[in-house]
Amino acid sequence: MFPYLLTALAAVAAAIFGAPLRAKAWVALAVVAAASAWAGSTAIGVLADGAPRILWQADGFLLGGGGGSMDTLSALFVLLISLGSVASVLYSHGYLAHSLAEKSPAHVSLHYTALTVMALSMLGVATSDGGYTFLFFWELMTIASFLLILYDAERRETVRAALAYLIMMHIGFVLLVAGFATLDRACGSADFAALAGYFAGRNPLPLFLVFLLGFGMKAGLFPMHVWLPQAHPAAPSHVSALMSGVMIKTGIYGILRVTAQLADLPALRTAGLILLGCGIATGLWGILLASAQNDIKRLLAYSSIENVGVILIGAGVGTLGLAAGNDTVAACGLCGALLHTFNHSLFKSLLFFGAGNVLTQTRTLSLDALGGLGKHMPVSALLFLAGAAAICALPPLNGFVSELLIYLGLLDGIAAGSGVPAAAAGLAALALIGGLAVLTFTKLYGTVFLGAPRTHEVAESTEVDRVRIAAMALPLAGILLVGLFPQAALDLVVRAAGALAPEAARGTASLPPVMTAVCRTAWLLIAVTGLLYAVKSRAQRRRIRRTGPTWGCGFTAPNVRMQYTGESFAEGLQSVAASVAPRSGEGRAVDKSELFPAAHNFDAEHKDRIDALFAAWWVEMLRRINRQMMRLRTGKVNHYVLFALLFLVTVFLLSVFNLIR
Amino acid sequence: MMTTSLLNTLLACGVALAIPGLINRVRARLAGRKGIRFAQHLYDVRLLLRKGAVYSPTVSALFRAAPAVYLGAAFTALLFIPVGDLAPLLSFDGDLICFAYLLALGRFALILAALDTGSSFEGMGASREALYGALAEPALLFAGATLALVCGCTSFADLTAGALFVSMSGMHTAVVLLLTAYVLLKLVFVESGRVPVDDPRTHLELTMIHEVMCLDYCGIDLAMIKIAGWFKTAALALLAADTALMAFDCRWWTAAPLAVLLTGAAVGVVESTRARNKLVRNTTFLLTLAALAALVFFTGYLLQSDIEIR
Amino acid sequence: MLLAYFILSVLIALATFRAGGRRTVAMLGTAFFAVQFALAAALFRCGFRGGAEALFFTPDALGSLFFVLLAAVSALVFIHSRDYLADCAIADYRRYAALQMLLTAAITGAYFANNVAVTWIFLEATTLCAAGLVYFRHTEHSLEAAWKYVFVCSTGIAVAYLGILLLGTAATGGSLGYEALAREVTHGNPLYLKTAFVLILCGYSCKLEIFPLHTVGVDANFAAPAPASALISTGLVNAGFVAVYRIYRIMMQTEAAPWVRSVLLLTGVASLAVGAFFLRRTNNYKRFLSYSTVENMGIAAIGLGIGGPGVWAAVFHTACHTLVKSSLFLQTAVMHGIYDDYRINRIGDYMRINRIGAIGFLLGAVLLLAFPPSPLFVSELMILGGVLADERWWLAALLLVLLCIVIYSFVSRIVRLCYQPNQDAVHRPAASHRLAWTALVPLGAALVLGLWQPEALRALIERIVTI
Amino acid sequence: MILPLVILYVVTLVYLSITERFRTYASIIGLQGWILFGVALLRLHRIDLPELLFISVETLLFKTLLVPALLFAVIRRTHIHRVRTSGSSQFNALLLSVGAAAAAITLTAAMADGNIDRVFFGVALYAVLSGLILIVVRSRIFSHMVGFLVIENGVFLFSMAVGTEMPFLINVAILLDIMISVLMLGIFFMRIGNKLHADDADSLTNVKD
């Protein structure tokens, strides 16, 4: 398998490096599309008949296994990865077109090679059985995504964000190595399948936690999410889409895989509670900070964190259902989590593409500098609106279907009287998250696309090219399909959930009618709304229609700068949630006592408290140690020899005191 | 089956149309006035429906589509609500969630429409609406969860289907259900923009919430928004009435009048006797409501565990 | 066979001192490397199983593996040097070439020596040859570096000699051959062995470029011409590794084994720490790469320290490190041709100025930091896995922090090199890609090894590792 | 007869740690050379004559004559006669030396093995340590050189303790070692003196980060 991989990588790199500047995207697209088509068709085959396929068999000399196979769970993720990668690469063509001239061709080639490698390695992650191969692809994915973030490496922030990302991923990687090494030591194999044996014989919690932390680092679990809001604004938009929409899902994949191996009921219960707790914390933290952000991509990044939280709530509910022996709850939770994973990859890709459109056409991502783009970029605006509505879980789009499943799991748990307090906590959190998501995304969409343009540049922006629209239409199709035909989507995730827990597959009997009803409701809603709109339009056609300025409530000289900004839109919430996202910024706001305020300049920013936790003390400590170490660099021969003497003395003393044996 | 559902829908619509009239009447009586005629709001709407439209050059197509979405969502939401023991037109496990998110869809559309005008006043209203809507969501779902807990089912239709709570009768359950009804009634105030959260009669835009969001609407659009508001109110009112009656005997001929009377009287009385909250206190009000809903839920949970032990 | 090799090599090298022109040097060089490759081919033909023992030399698996790498790297360095030193006087150039050949031969001697004392002698010889290369430029810096190198290496190696003598006394038979020692030392006095080991490790650390005497290696790499640095920090470092490894293998059969492993762990972690912290602060690409050598050898020492699979990993790590590091040093040579400077804060925008070089440097950095598809990924994974499987959590945490610092410093520097807008407004000459292949070949080889380790190689290392 | 010589050797080591004049250093290195010559004659009388001759001639030639002569030449040439006081005071140097002696004694005492003359090992270790200490605490290149020579002599002393058993390679190695020391003195004498015009190690600190 690895020799083939070697050949493939070499061929891809050669093709991309050899292609003319504008054609590199097409070469990458061809490769990714071919791989995705193959993987996707295999995945569909697996999902259709439910039988796992063995994809490759590598001789495992390190950390147990090296095999790769695809069961229904892998197949679902492969499907998701394929879709997301193809859309991203397709989108990148138009997105990067304007910046190609500024970059070195080698850099562009590197970018596309990394993009291809990223797509392939994610497929590898989703199909590896565990052990060495898994870690290999995992780390390959990390380094590829790191290179992808570095597209605008001239900017210092980009480099800083990319480095933070890399370091955090490395910590996560070491945790995974710890997990697999322990597993290998105990069971002689580091496959995921071997975990079942490990969990059966020992206290499963420590290893479970190690894996949870390791995978959680990638998934953006609270409080390890800090890399997301840094990396996404720094990365080009198609990369953000790929990372946020697809890559963090590999973390979810890992968590689900590990959780699925738990069999012991008390352990399952604890794991479920842990997942639920993590999900609640992650989701609430994510949405509270998302609502505070004033940069489109930072906001979307926090929203990804929130959605990871939602997914984990689902997984937690499902696990609790398994622990309680309630198959329906288990099915709802797990299917909901899986479907939400799939859905999130669709709408988050779409939204990041939309953010990319905004960036290339207006050169800014700051909410409070934009506005009124809906008229200049109508198609992008419409697509973005669909994504925003979907991510708010509004019917009749796909987000609603998956959240409904998770809610159903929670409500069924409550109705059945099992694990009520946990389910209630999940329910409350999910409800609050849902409500705040509406706030966040109305803020985002309203400030960016609606109203009047706040700056001159924005007013002159134009619609993007067709290829990019096509790339955005790809996830949109998914959004609509899942939203309007939820039965088919449910069918898909039920099979995938079957690989996680056979019990869950049994508990899905009550779901198809629900999905049919949801489908009916969705169409009814569309029909009613469409009818109302048609009737209204028809009626209005015969009436007088005039155009007049927006009603200024008596104020006669309004200007575009007076529009409600994103910051002011979310101010009400921030006054409640100031402890989570304290406001910092330059300048001073108008004080209440100033009756006739002079000119004020105020730039608000909301910091993540966890950022400080990660940045502050230990970085400072390392810096201090480093500074102390630097005293050793004197260049004096005395000190060179001093090291040797010190070494001898240390070893001598350690031995004398029996500290080393 | 179909006929009962249609009846149900008609009744619900009737409730929706009746409530504003009753509110007006109650308010007038409490103020010692005779009051406008009962169906005045319907005449007002008819007037609006006949009018033309003025649109700001700032707005986009979204602004024009929003009222239809708002009304469509509210209407679809109403279709889930059973009136007493009648079966609603739409029903499935977890339709409570669908109901909540349909309301959210309407809110989403209206907020965006408000932001589309580029007016800072409307933005202000939209901001408040978004925040209060978000904070009201946990309360609504806690109320739903309480119902699910007490009745052991997750759809509105099953809740009121009577046969389900043979084992559930008793004082404890009645208390929990009544408290839930109280929570739902309070939610009516929030969702329909009534005192103490919002004052529909105020003339100062700075203190408005719901009304300021539709400042730029007129004619058919405004009519649709108003009707949608009625539907929302009616849906929640019916839910409250059903819940209250569930403790006793839930029939359509009791539920529909109760919904009208309860809401009409409560809103009317409160609007006549209380002043609007200071805006900053609204947040507290909503959080308290959510806490109350949670409290009711956990009371129900404890009582239920108690029952099971016995 | 080996004797013939040494005689031929040294003769050719001596002849190079007297070569008349560049063409003659090139011919002599061709002859020299023909001899090298002939030996490599001969070793390969007998499957690295070790042919006849010749006096003090045995071509065993360990020596053969590193010899093949050395021959390849040295040949690439030779080719690269010809262009790199194109504009220096013939007298200087031929001295350089001759010293490089002598160094290669001396390192080979250290690889194949089957006697502790012979290894020691050849290591001492490498000091002299390397010092000559370091002093090549005749500047104050190079003089200083050469002086420090000779002085500290000699001191270190004298200390190591005391250890060797002690090892000799611990063994009863009176022979200093490795095999004899391994036989006799098994029941030797552990205290003798421990003292001997720590003295030898301390002394050889100047060659192996690990703590405590890593400093001079760094200085030497800094002052030597970049291609020579490529040889010093790979072939010569490997010589140190081979020397320590042979002692290590003897020690593993004695009572002192756990203690020896602990000392190696200590050394490894200290080296890693030194490498990591100095990487963070240094402002010169060559010193930077040298500290990375310190760090990587620290990892290898940790591998030896944890034992078990770690030993395999250590050998593999060292071998693959040779490929990657030599490539990177050769690339700094190219870089020097463009910028005429090694200072990190002065040079940038490499991606635009020299595309192939920048991609090569990035790729090299990725490989050196043990990200897949790097062979070092395999070895570091094994070592990390070994540490973690042994449940040495503190060690693992320490490794994690240090490796993170390494990654951070390394990547931030490389990114600066490739992308930071150029500091000086000087228009840079277009880079010549003629020699790019010398740097890319070892990189490619490393890439191949990372994705696919041939069964034969695995078996070979397995044979090296099994006692 | 050997024991007094060894004791004298130890005394020279102690004296080295406290002295500050370069001339004394050179004299002591010379004296150590003579002591080693004596030890070689006494210790190695059992081995066959040519090798004995080789070793004694080597010792006589290099250790007693050439090296001290070179040291004196360096002193004459550079006109630097004292260590810099900036290093460490005499007392501290003595303290360190005593510490090294204690460590050497501890280690030697712990080696319960009659395989070789333990005294030789202890003294050699002490010599190596004092050489290292000398290098560490004194900052002038001359003192570094002397430190290296002290280490060298210590190793030589120990090699004679085991030399009866494995002569040939030891001889080669010792020869190489001595050559190195001479070579280094040569570099020191010819190059560094010329280029840097001072033997101050502080001026040799340009090569650093």
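Worth a mention:
Just so it is clear, A, B, C and D label the chains in written order, and each chain counts residues from 1 on its own.
Definition applied: a residue touches a chain if its C-beta (ideal position, glycine included) is under 8 Å from a C-beta of that chain, and two chains touch if they have at least 3 such contacts.
Since this is a predicted model, take the numbers as computed values, not measurements.
Minimum number of contact steps separating subunit B from subunit D: 2.
Contact tally for A-C versus A-D: the pair with more C-beta pairs in contact is A-C. With centres taken as mean Cα positions, subunit C sits 43 Å from subunit A. Note: centroid distance subunit B to subunit C, computed from Cα atoms, is 77 Å.
Computed centre separation for the pair subunit A/subunit D is 67 angstrom, with centres defined by C-alpha atoms.
Chain geometry summary: the mean Cα position of subunit C and that of subunit D are 31 Å apart. For subunit A, residues that reach two or more other chains under the stated contact definition are 630, 633, 635, 637, 639, 641, 644, 648. Subunit B has no residue in contact with two or more other chains. Each of the following residues of subunit D touches two or more other chains: 107, 132, 135, 144, 147, 204, 206-209.
Interface note: chains touch in the pairs A-B, A-C, A-D, C-D. By the touch criterion given at the top, residues 49, 51-60, 62, 64-65, 67-69, 71-73, 75-76, 79, 90-98, 100-102, 104-105, 107-108, 111-112, 114-124, 126-128, 130-131, 133-138, 140-142, 144-145, 148-149, 151-154, 205, 215-216, 219-221, 224, 280, 283, 290, 294, 297-298, 301, 304, 308 of subunit B touch subunit A in their complex.
Residues 107, 110-113, 115-116, 121, 124-125, 128, 131-132, 135, 144, 147-148, 151-152, 154-155, 158-159, 161-162, 165-166, 169-170, 172-173, 176-177, 180-181, 183-184, 187-188, 191-192, 195-196, 204, 206-209 of subunit D are the ones touching subunit C in the complex. Contacts from subunit A toward subunit C in the complex involve residues 2-3, 5-6, 9, 61-63, 104-107, 109-110, 132, 135-137, 139-140, 142-143, 146-147, 150, 153-154, 159, 162-163, 166-167, 170-171, 174, 177-178, 180-182, 184-185, 622, 625-626, 629-630, 633, 635, 637, 639-641, 643-644, 646-648, 650-651, 654-655, 660-661.
Those residues of subunit C that touch subunit A in the shared complex are 148, 151-152, 155-156, 159, 194, 198-199, 202, 205, 211-213, 215-216, 219, 258-259, 262-263, 266-267, 270, 273-274, 277-278, 280-281, 309, 351-352, 355-356, 358-359, 362, 366, 371-373, 377-378, 381-382, 384-386, 388-389, 391, 396, 399-401, 403-405, 407-408, 411-412, 415-416, 418-421, 447-448, 451-452, 458.
Within the complex, the subunit D residues that touch subunit A are 87, 103, 106-107, 129, 132-133, 135-139, 141, 144, 147, 201-202, 204-209.
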